[in-house]
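Dropping the structure in here first, questions after.
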Amino acid sequence: MEGQVASAVGQGGSRLAARRRFLPGVAIAALLAAALALPQLTANQFYVHLANLILLNSIFAVSLGLIATVGQISLGHAAFVAAGAYISALAALSFKLPPILGIVLAGLVMGLAAVLLGKILLRLRGVYFVLVTFLAGQVFTLVVLNWESVTHGANGLIGIPAISLFGFPLSTRLRFYYFALAAFVLVVTFVWALMRSQYGRAFRSIAENIRLAESSGIDVSHYQVVAFALGSGIAGAAGAAMVHYVRFLSPDSFTFHDSVAYITMLVVGGRHSMIGGVLGALFLTPLPELLRGFVGAQHIIYGAILLAVLMFIPNGLVSVGKSLLAKVTDTEGPE
Amino acid sequence: MDYSILLAQAALNGLVIGAMYMLMAVGFTLVFGIMRVVNFAHGEFYMLGAFTGFFTYVHWEMPFVVCLAIAALTSGVLGMLVERTLIQPFRSDEMSGMIATLAISVIIQNGAVMLWGPVPRAMPDIVTGTLTIGPFSFSWSRLVVIAAAALIFIAFWLFMQRTRLGRAMRAVAQDTETALIQGIRVNYIYPLAFGMSVALAALAGALMGPVFSVSPFVGLTPMLKAFVVVILGGLGSVPGAVVGGLMLGMIESFTATMFGSLVSDILQLLLVILILLVRPAGLLGQREA
Amino acid sequence: MTALLQVDAISRRFGGLMALKDVSFSIDKGEIVGLIGPNGAGKTTCFNVVSGVMSPSSGAIRFEQKSIVGKKPSTIVGEGLVRTFQATTIFPDATVIENVMRGAFATTPVSMVGSIFNTRAARTTLSATRKRCEALLEKLSLMPLRHRLAKELSYGGQRRLGVAIALAAQPKLLMLDEPVAGLNPEEAADFGRLIRTLHETENIAILLVEHHMRLVMGLCHRLVVLDHGEKIAEGVPAEIRTNRKVIEAYLGAEEVA
């Protein structure tokens, strides 16, 4: 039975192979422990807030990455995030729907919307798909801005309730942190399992050679829709989670600039790897917060980093990590 | 309510907007046709043109024609530099190139915010007064914009059709490999085409400065419209960009007059999505492989 | 005797051009049939129409007596009709063994959801599929290279991999699109022997498009000749070789020996 470890170039002795098999598990356990302990290390609420943003952005980026696994880049991802947020916020405000259910509802509705939209939009590939998702995102923003009876337009929605688990409200940054961490682990685990399964096999086939995939019995349009629906559904749910944290929502909360930000995170982290979105979010989320003093500078740096990564590290930070890891492990075992 | 006057007004505005869209779209589609690059930074060059026009006309008080020339030249040169350094590395990777232009647009837009601040500035009309024909009156400034855009396009058209360089560009757009074999220096054509394309955008920005205001955020909408036009007319088709631009201008003007600008915007975007699905090559577009 | 593949009067129009006109032929189990004709005769279009990549403008196509017109290529593959492509035959960034596992996608009876949860049943099924794929690689002399990236293979190796991917789909009828184009005479002869061996061991019917006359004459039981979109002859190689119309069609156009 083949080891399910991500494509390690299996050379060298069995001792090395055994170490390789355990290394990811140990690393993940260590990271989790660190993540759980994090809030104890700092009393500064700002860092907890930052951690929450990183976790949420990771989910946005990873969900975008899921759509990217079938070779499609969506420039309208923020619209799905926003739509999920509005659905849950409005459900909570108008129908007193518990936020935790609102999040589930947002995910399901956006997933379904993506299925319907995807069947039409995914017929387009490459550049055309990017353009049409960009335009669709713009339509959505316009609608939200002007459908004032429902969304309160530019004024936005205030007083959105926090998530409540068994009567315990997640009304502080710290409490939300543990929720966000759990959601993050859930999403990342799900996407990892998905990509390791036959679904992942189908997605990658489509991205690498769409004609051959179809001729190998992989129903391309079906699996593209699946990827799009799952990615958009997760994004919608995460948007809902975010809105019950920030507790305010307006058309400015998630815009085209956010769609660009998610793409930036994905590309910087590494768009061909699952943890690319996480790395990108980890690296880029603190930037605007740290550079808050310099108006406009933070965005310029974002753009410059994106450009630099595209030019010099096209496969993102993950590829840098992989080559470092390869160097380290190659010097150990017998060759 | 005199509908004929309303319609005439809408028609004039439609031509004005259409002229701008046409200039934006022609440049955008030129770059796509020749280099297969979707330039997300196209709108930012429009914005730079608007600012250049503003500073040269209002602060330095130069004749407007000179202002236009300066706007075109500065943007053109900047465009050539950008192509050579930032876009050329992505020649073999369409998607990465597109994301790169996204990054460039972010940098330019926020650079403008840092340099000039986010507050919009008003630019006075180039010409005052109106032309009156019977019951209809048209403002001269609008007519001048239309005339200028027409002249610019004619100059562009003559360049593409009559000059060696222009023919070389068309050859590259049709078939890069064959053009290379024929000895056309593709490495010179690309920056030149890009420079020309953004120069057209800058001219549009300078011309429209008095019509819309001048701010760092003024480039997003024209770029959006350029997309719409180019998709209507076909990615890579210059005639399509002209027809599409004028058509969109008229559609926008009339629907805005009848239903308001929001509905007009939504309708336009839905129209595009529809066309993309039914006929992705656009009304006059080239067939994609 | 009912045919495995029955093509009835298919036509295909592109704008004003009739790429195929009323082409009919059939293929029985156990046959190797060659589709030949000068350049531009419509062979590739015919291939594309039969495999579902394009739909015919008119006519019927039946596989195992069931109509396959209008079905997605991926569905047709599931029925047992599999094709290879002349260009871009592989998944470049995946390993050789993964390439074949992807080819086996439609014939891997694993529950999709089960594979997400990596259930025992899923693991067992995938393991069996893997063994099947490795056996295919063995037959195509690719086993030693199974962990290499497909794009690193030689041209001939990529061609063999393309066949392995197609075979992984367990075809009843395998359609080969110019399998030896670009191979030198020795490689081409080897490939021909390989096809004949596979035909016998895997018990599959084969339809191939080729310009390589020696290969075609030596390999095929029967030939169908197209010219300008129409079928001009059909028969055993000996007959076709001396057929007047065929000779004229080839002499009138570019000849590829």
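So that you can tell them apart, the chains are marked A, B and C in the order they are listed, and the count of residues begins at 1 in each.
Convention: a residue touches a chain if its C-beta (ideal position, glycine included) is under 8 Å from a C-beta of that chain, and two chains touch if they have at least 3 such contacts.
What you see is a predicted model, and the numbers here were worked out from it, not measured in a lab.
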Number of hops, chain B to chain C, where each hop joins two touching chains: 2
Chain located farthest away, centre of chain A as origin (C-alpha): C
Cα-centroid distance, chain B relative to chain C, in whole angstrom: 49
Between chain C and chain A, distance of the C-alpha-averaged centres to the nearest whole Å: 41
Rounded Å distance between chain A and chain B, as computed from the means of their C-alpha atoms: 34
Contact footprint of chain B on chain A as seen in their complex: 73, 120-121, 123-124, 126-128, 130-132, 134-136, 138-139, 142-143, 146, 256, 260, 263-264, 267, 295-297, 299-300, 302-304, 306-307, 310-311, 314
Sites on chain A touched by chain C in the complex: 1-2, 4, 10, 193-194, 196-199, 201-202, 204-205, 208-209, 211-221
Chain B - residues contacting chain A, complex: 38, 86, 89-90, 93-96, 98-100, 102-107, 109-111, 113-114, 220, 224, 227-228, 231, 235, 262, 265-266, 269-270, 272-273, 276-277, 280
Partner chain A, residues of chain C touching it in the complex: 51, 53, 72-75, 77-78, 82-83, 85, 88-94, 98, 101-103, 105-108, 110, 112, 115-118, 122-123, 127, 130, 147, 165-166, 168-169
